[in-house]
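Chain IDs A, B, C and D follow the sequence of writing; residue 1 opens each chain.
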Amino acid sequence: MISDDEFITHKDVPGPTKEEIRCLVMCKSKVSPEDIVVDICCGTGGLTLEFAKRSRLVYAVDKNLDALNTTEKNLKKHKLDKKVQLIHSDALEALRNIETFDILMIGGSGGDLPLLIEEGYQKLTQNGKIIVTSILLETPVEAVQTMKKLQMDIDIVDVSISKGRVMKRGTMMLARNPITIVTGKKN
Amino acid sequence: MISDDEFITHKDVPGPTKEEIRCLVMCKSKVSPEDIVVDICCGTGGLTLEFAKRSRLVYAVDKNLDALNTTEKNLKKHKLDKKVQLIHSDALEALRNIETFDILMIGGSGGDLPLLIEEGYQKLTQNGKIIVTSILLETPVEAVQTMKKLQMDIDIVDVSISKGRVMKRGTMMLARNPITIVTGKKN
Amino acid sequence: MISDDEFITHKDVPGPTKEEIRCLVMCKSKVSPEDIVVDICCGTGGLTLEFAKRSRLVYAVDKNLDALNTTEKNLKKHKLDKKVQLIHSDALEALRNIETFDILMIGGSGGDLPLLIEEGYQKLTQNGKIIVTSILLETPVEAVQTMKKLQMDIDIVDVSISKGRVMKRGTMMLARNPITIVTGKKN
Amino acid sequence: MISDDEFITHKDVPGPTKEEIRCLVMCKSKVSPEDIVVDICCGTGGLTLEFAKRSRLVYAVDKNLDALNTTEKNLKKHKLDKKVQLIHSDALEALRNIETFDILMIGGSGGDLPLLIEEGYQKLTQNGKIIVTSILLETPVEAVQTMKKLQMDIDIVDVSISKGRVMKRGTMMLARNPITIVTGKKN
């Protein structure tokens, strides 16, 4: 994994997704070098870069131009820009314009989550994965309900990580916000 | 419990201990109206005030004068100052000058934890409790080791709490740092 | 709090709610000696007994007769049976037959959660509380949505507790399932 | 990652290390195809197999013969046995007989953790990693203290994972025991 502090950040762009969560998302996605990935709401580009290192092509989508610019800077910094196509667009519209893909990563949905999952499902290759990450209470419930309807295989993990800071007087454990990762596999 | 936002705070004083942790400490202490309590490292006074509401007398100890002043302000705000004696002193020295008590609360130790527990144990009434809270990795281990040697009954809980913030787009779950509460009972 | 192991249990009845969760629910409820409490889905009686110790009257409701019998045994064991009225009934029907109350505790809903909250809200005194606990992902979302509609003040905490088991080779930390506690206050 | 249920297990052998923890350990180790790995206390072989897929050679050490046999069965099942050398021995003795390695994984120590880390450190290549995982409260403290003395770069994460079980009435979140992963890098 790329270290959290190796990412260029922007004050109006969330992310990067923390190292440990990027790690778990890569494992859950089972991404392979032939895969095409769509990364919705790419933000700082944390997941975009990790997918770029491990797949054939990534479409990184965000409607926030600052996010796309930040992702681009990070891609160039890590010489991964040739693997990624940046799309400045609404998520649903972007999905409609991409033909097919093996992994759909949804890090944010702007309220359209069930629609995004349903639309994505249509274009997903067999055994393809849809991954939804969230710190909202509502998002995993919506994801599970929609994936259930689509009869996907569903894996749900709620991850709480505390990170130790070694100080003179001891090791302080600092909590990160819990993240729920919902992964649906198309059968 | 007093709400977190009802405490007067000070920039150089840690605390108050969050509502949920105060609640659990009160339960673990089984404090009753006849009890004498010593609160080491009282900080903002979060636990001091809760103990004051439920016990006969609390000795609140801190070597940081700002902490004692902040605790005093909070006691007066909640009309609990008559139940509490403030002691501006090193923890170990303070313990040596108090005759006996039913509950010893240690929220910070300045590196003297085993000594504090051993000294406190001598002055603790039968069935009395020593409670150690910490966000450091090392402190609960030291507490357990010392309490084991003293053949106390030991209860250990590690508590991770996330608090929901209701927003328009959903309920964001914000993590608090994990706290370990070690409770030893004198047999 | 009553220790977890002081409860009589029954193989077909869930519970008792663990000590730390009972403790947090008591704090969140701000129960006082004049209060009337309704405990929906009382199970083993863990929360019923704690409320009984701190309130005027508790209606304990369950449609599982084994649950009511187990709760009754525990009430008698702890000499709290005079404070509690046992109701063998569907939750919604029970609510309709009780005139008014200060605290509505919902530990299970059989799929009727929004209805239960709405019905309960009507009968709740001003500043009264509805508390929903759950280990399901969906329940807190439903609770928050319904309480939002009713313009209640909402407090949400997700609690993950690990309990230490002191062994010769060290202290093993054993996780309890995470519980979300949603508390709504009627304004 | 190999799924948890694809491992052959044995009633007297702990493991396999859960998928998500294996995933995080692989990330923290930054294992590469040229690396030599030592896996102390290999148990069921969960981490052994993952390292075997990603490195040049793994020494899997356990003093429990059932563990080694179970690891061997799993290696054969997944056709990874040619990458692994099984060593039936005390951990410290095994370390003394291996010349050099890039990654030392310690999943159990039998009380010798500081010695194991110190001995391992001597044989570790530059930028090599020592990784200690534990569910004991004491182990991460010992690991951090020893790695501090050796002036290693230390990363500490405490990971609490709940796994969702999709049922008819909702998604039940079931907690796994928290695991602390301490990673030291030799400078």
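The definition used in the following text is that contacts are C-beta pairs under 8 Å (C-beta built on N, C-alpha and C of every residue); 3 or more make two chains touch, one makes a residue touch a chain.
In this text the structure is predicted, and so the values were computed from the model without any measurement.
Enquirer: Can you list every chain that touches subunit C and also touches subunit D?
Expert: Touching subunit C and subunit D alike, sorted by label: A, B.
Enquirer: Give the label of the chain whose average Cα location is farthest from that of subunit A.
Expert: B
Enquirer: Nearest 5 degrees is plenty: how much rotation brings the CA atoms of subunit B onto those of subunit C?
Expert: Answer in degrees: 180, to the nearest 5.
Enquirer: Taking each chain's centre as the mean of its CA atoms, how far is subunit A from subunit D in angstrom?
Expert: The answer is 27 Å.
Enquirer: Please report how many Å separate the Cα centroid of subunit B from that of subunit D, as a whole number.
Expert: From the centre of subunit B to the centre of subunit D is 37 Å.
Enquirer: Two-or-more-chain contact residues of subunit A, please, as numbers and ranges.
Expert: Residues 137-138, 140-141, 144, 156, 158, 160, 162, 164, 171, 173, 178 of subunit A touch two or more partner chains.
Enquirer: Would you identify the shape of the chain contact graph, picking one of line, ring, star, complete or other?
Expert: If you draw each chain as a dot and join those that touch, every dot ends up joined to every other.
Enquirer: For the complex, give me every residue of subunit A touching subunit D.
Expert: 1, 19-20, 23-24, 26-27, 140-141, 144, 148, 154-164, 166, 171, 173, 182
Enquirer: How about subunit D: which of its residues touch subunit B in the complex?
Expert: 137-138, 140-141, 144, 156, 158, 160, 178, 180
Enquirer: Contact residues on subunit C for subunit D in the complex?
Expert: Against subunit D, subunit C makes touches at 111, 135-139, 160, 162, 164, 169-178.
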